[in-house]
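Naming follows writing order (A, B, C and D), and every chain is counted from residue 1.
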Amino acid sequence: MAKPSIGYLGMGIMGTAMSGRLIDAGFKVTVWNRSVEKCKPLELKGAKVAKTPKEVIESCDITFACTSDPSSAREVVFGHDGVLAGISAGRKYIDISTVDEDTAKEIAKAITAKDGIFLEAPVSGSKGPALQGQLVFLAAGRKDLCDEAEECFKVMGKRTFFLGDVGAGARMKLVVNMVMGINICALSEGLAVGTEAGLQGKDILDVLSEGALNCPMYGLKGPKMLAGDYDPAFPLKHQQKDVRLALGLGDQLGQPLPLAAAANEALKAGRAAGYGDDDMSKVFETVKKAKK
Amino acid sequence: MAKPSIGYLGMGIMGTAMSGRLIDAGFKVTVWNRSVEKCKPLELKGAKVAKTPKEVIESCDITFACTSDPSSAREVVFGHDGVLAGISAGRKYIDISTVDEDTAKEIAKAITAKDGIFLEAPVSGSKGPALQGQLVFLAAGRKDLCDEAEECFKVMGKRTFFLGDVGAGARMKLVVNMVMGINICALSEGLAVGTEAGLQGKDILDVLSEGALNCPMYGLKGPKMLAGDYDPAFPLKHQQKDVRLALGLGDQLGQPLPLAAAANEALKAGRAAGYGDDDMSKVFETVKKAKK
Amino acid sequence: MAKPSIGYLGMGIMGTAMSGRLIDAGFKVTVWNRSVEKCKPLELKGAKVAKTPKEVIESCDITFACTSDPSSAREVVFGHDGVLAGISAGRKYIDISTVDEDTAKEIAKAITAKDGIFLEAPVSGSKGPALQGQLVFLAAGRKDLCDEAEECFKVMGKRTFFLGDVGAGARMKLVVNMVMGINICALSEGLAVGTEAGLQGKDILDVLSEGALNCPMYGLKGPKMLAGDYDPAFPLKHQQKDVRLALGLGDQLGQPLPLAAAANEALKAGRAAGYGDDDMSKVFETVKKAKK
Amino acid sequence: MAKPSIGYLGMGIMGTAMSGRLIDAGFKVTVWNRSVEKCKPLELKGAKVAKTPKEVIESCDITFACTSDPSSAREVVFGHDGVLAGISAGRKYIDISTVDEDTAKEIAKAITAKDGIFLEAPVSGSKGPALQGQLVFLAAGRKDLCDEAEECFKVMGKRTFFLGDVGAGARMKLVVNMVMGINICALSEGLAVGTEAGLQGKDILDVLSEGALNCPMYGLKGPKMLAGDYDPAFPLKHQQKDVRLALGLGDQLGQPLPLAAAANEALKAGRAAGYGDDDMSKVFETVKKAKK
C-alpha cells in the first residue's frame, strides 16, 4: 500500500526534527511555518513548502501540527487560511502540541463539525529523543486515525499510547508531570538533608542509582544539581504550572493530593526566589536555602 | 596471597545466603547461630560450626554479623561469650545488620576500646539480591578494613560504598528510604488522580516506564498496587518509621523537609488504617480511600 | 441635614434584616425583590415597593444590593430594567453581595462608564449580626460614597473598613476565610490527637478558652464538633472553595502558603467524604476518620 | 478550718509571684531557692526561709515546686537533701514546672513509692498572669490533693483543670501548644498573602478582630509582627519543639496531623534562619522571606 502524503505545520525544534525523520523514511512531506525561512532545511531534504495551513491540509492525507503553546495551536486552526478553512470530510489532523484539555476539545469540536478527523497526540520527550525517533506519543481522539498514523509515529517515536477521548492526552501529561514535580522535590530534600548530615552528594546519587529508585531523571539532574547547573531543560515555572493544574484536576474530582500540594508550595518558593526560567531542579536551591 | 579466614554470625535468610556465597567462592568460613540447626545447610557446604560468637571472633581473620534488629545486634556483641569477650588487638568485625546510628556507634566504641577494628556495612537489597550477589553495602568506620574485606563484598554484592565515620551508613539508609517514602506516595497520588480522571492505571504506569521517572520500584510495585496485592516486601510501618527518623535527623540539623513531612502523614494514615504489616505500597489504598 | 433616600435590592434573609433596620432608623426606603411577596414585610414597616431595579436606582440617593451569588449580582445590574438601565451621573450604588474580584470589577466598570458612583461592601457576619446591627463591612471603591453611606452602615453594622480600590473587599474576605480554614483544621487536629491521648474533648476546649487562642469560633463550633452536630452555618464546600481561591491568589503573587495548602487538602478530603453541604467543622470527622 | 502550711521550692519569676500571692492571702509559707538571695523579697513579706527542699517538705502540709526545666525538676526531687529525702506517708508535693510526660511520671513514681501524695500542675500563663493571680493550672495525679489545694490554686490562678492520671497535664500542654503553633503560622500566611495582595496589614488584623477568629494572640502578636518586634514571650525554638513532640504523640497513636506537620516545617525554617531565640511569631519573617 502506498504511504500517505504528510503535512507538517510548525518548524520549531521539535517539528523540524520530526518532519526530517519522516522525509528520511520516504514519506512525501509538505511543510509550513509562520516564518518561511525555517522551512529551508526541510526543503533541502526534499519537502514541499506551502504558503498556508489551509493549503497543507487540502493537499495532504494526514497533517501533523507542533506549535509552541495553546494560543498558537488555536491560531493555526482558527486563524486566516488556517486548518479549519481547508478541512473537509475525511481530512485528518493530528495535533502534537502540548495544550490544555479545553483547547484540545475546542479544536476537536471545530474539526469534527466540518467532518474532519482529529487526534491529539502530545509528546513526552524533548529535542534529543525527537532527533533519534525516541518520542512517546500520548494520543487520544479518533482511534482509526491513531492506527492509520502508526507508521508515522513509529518513525518519530518509540511508543504510542491511545488513551481514549480527546482530553485524555492532556490529562495524562498533567498526571505524569505531577509525579515528576513531587519527585524532583524528593530528590532535593534527600540531597539537602543528606549533605547536611555529612554525606557526600555524589554518594547519595550513587546509592540511589544502585537501588529501586534508579531513574533517568535522578541520573541526569542529580549531578547538575550538585554542581549548581540549572540550564533549563524544563523550566521551573512550567513544572509548577503543571503541578498546579493537576491539583486543580484533583480539586474537581475531590481527590486529596497532599504531596502534590506540598510540592506545589516548594516550587512556588522557587518561583518566588526568581528561578522560574531556570530548570525545575533549581527547587533544590530553595530547599537548601531554607536552612541559613 | 592467602584468602582471610571468615566468621559469620547470624544464619537468617540474609546471613545464610551471604555465607553460602563466601563458601562457594573458596573462603574458609566458620558460622554461628543462636539456634544451631540453622547452621546445618552451611555445615553441609563445608563450613565449620562454632558454639559462641567469642569462639568465632577468636578463630577468624574477619567476622561478619547479620542480625535482625538493634537489640540482637547488641546481644551478639555484649552478651555472654559474645564478640566483645573474644575481641583483641587487630581482630576485625563487620556488622551488616540494619541498626540505628546510636547502636552502631555504641558497638564501634566497645570494639575499639579493646583495640578491635570495626566497620558498619548495612545492606541495600533483600533475599533475591543476596542469593545472586547483587547487594549494595553502605560501609562506614575503618577504611582499611573496608579495603581488606573488598574481596568478600565482591562475592556478596555488586557495589560497596565507603561513607566515612561510623554512623554514616545508618544515615545513608535513612536518606534513601526517605526519598523512597516520598516516591511511593507520589506514585499513589498519580495513580489515584489519574484513574479518577478516567485514565487506565496500566497506561499511567506504561507512560511512566517510557520516561524520565522509569525506576525499578514503579515497575515492581505499580502493577501490584493496581491489583490490590500488598504482600510485604518492605512493611509500611518500617517505611513510616524510617521517614519519621529522617525527619528527626532534619529536625536536629534544622533542615525543613515539607514533602517528607507530608509523606510521613500519609504513611501514618496507612498505619492508622491497619496496613502497618502490609507492603508500604498499600499507602495507595489510603490515598484512594480519602475519596469516598 | 436631611437623610438620603435609600434603595435596597434583594430581600433575602440578609437584605430583609438590613433594610428593616434602615426603616426603623428613620430612613425612607424603597425595596425591590425578584419575587415581590418577599417585599411585603418591609412594606408593612413603611417601605415603598418598586417594580424594577431601574426604578429603584432612578428614585433613590443611594441604592444597596444584597444578592446571593455572582450571577445574580450580575443579573441585577446587567439584566432587563436593571441597575445599569437606571444609573446616571452621580447616582450611587453599593453592592453588599459576596462576589469574586472579577465580578466586582466588571460591575464597577459598567457603573463608572455611565458616571455612576460605586462601592463594593461585602459583609462579614450572618443572620444574627444582621438583625442586631453587628455586621462588619469590607468596603472598597469610591471613598466619598463610603463616607456618605457611613450613617447607613452604622445602622446595619458595628464596623466599616475602607480598603482601597474595587477588588480589595473581595480579597480581604478570601484572606480572612483562608485563616479560618486553617484554624478549623487546627482545632480538629488538636481535638483528635488530644482525645486519642486520653484527654476529654471538653477539657481541651475549656483550656483553649482560658488562653491566648480563645476565639468565638472555637467556643461556637467546638462543643458542636464533639457532639457531632454539623448543621451548616458555613458549608464545608464554600470554605474549601475560599481556601482554594486564596491559594490561587498566592499562586499569582508567588507567595508560598504551605499551611493553607494542607488545609485545602484536608477540606477536600471532607468534600470527598460527602460532607460538602455540612458545616465546615465537619472536617473534624475526616481528621478523626483518618485513624481507624 | 485552719489554712494548711505551704512550702514553695524555686524562687524564679513565677515562683516568686505565686508564693508572694500566697503570703498576701494569709498562708504561712516556707520558701527555698538554690541561691538563697532570691528568697529575700519573700522573707521581707513574712516567709520562713529553709536551707533544703528536704527541710521544706518535712515542715509543711503542702509543698509546691516551680523549676525551670526537667533536669532541675529532677534535681530538686532526687538531689542531695531533696524532696525525696524528706517525703513520708501523707506528705503532699505539687510540681508546677513544665516537664515532659516521662519526667512527671518518674517523679510521681518515686514520691508514691514513699507513700507521698503527688500532683503535677503545669501552668498556662506567664509573668503578668502570675502576678495578677490569673494563671491556669493543668493538674493531674491525686484528685484529693487537687481538691485540698484548691484554696491555694484560687489565690494563684483563675482556673484549675483536673485532667486525670499523671502525664495528662503534660499532654494537654502539648496539644494546646500544637494548636497555637498552627495558628501563628496561619496568621503569618494570612498577613503575608494579604499584604502582597495590596491590603494593609493593620486592616487585616482589624477585620480578624471583629470576627469569629478574634483571640488574644492575634491582638498581642499581630501588631508586633507588622512592626518587626520579636522580643521573645515564647521562643520559636520552644514552640517548634512542642509541635514536634505533639507530632511524636500523634505518631505513637497513629493519628495523622498534616497541618501540625506543615507548621513544624515552617517553624523549622524559622529556626534554620536563626530565629530560634526570638519570639515564635518571627516565623512570619520566614513565610514572607519565602517570597523574594
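FYI, contacts are C-beta pairs under 8 Å (C-beta built on N, C-alpha and C of every residue); 3 or more make two chains touch, one makes a residue touch a chain.
Remember, it's a predicted structure, so these values are computed and weren't measured experimentally.
Chains touching both subunit A and subunit D: B, C.
Among the other chains, the CA centroid farthest from that of subunit D is the one of A. By residue number, over half of the contacts seen at A-C repeat in one listed pair from A-B, B-D or C-D, namely B-D. A straight line joining the Cα centres of subunit B and subunit C is 57 Å long.
We define each chain's centre as the mean of its Cα atoms; on that basis subunit B and subunit D are separated by 43 Å. Distance between chain centres (mean CA atoms), subunit A to subunit B: 39 Å. For subunit A, the set of residues touching two or more other chains reads 250, 254-258, 261-262, 265-266, 269, 272, 290-291.
On the side of subunit A, the complex with subunit C involves touching residues 244, 250-251, 254-258, 261-262, 264-266, 268-269, 271-272. Listing the residues of subunit C that touch subunit D in their complex gives 124-125, 136, 138, 158-159, 161, 163-164, 168, 171-172, 175-176, 178-180, 182-183, 185-187, 189-190, 192-194, 196-200, 203-204, 206-208, 210-217, 220, 246, 249-250, 253-263, 265-266, 287, 290-291.
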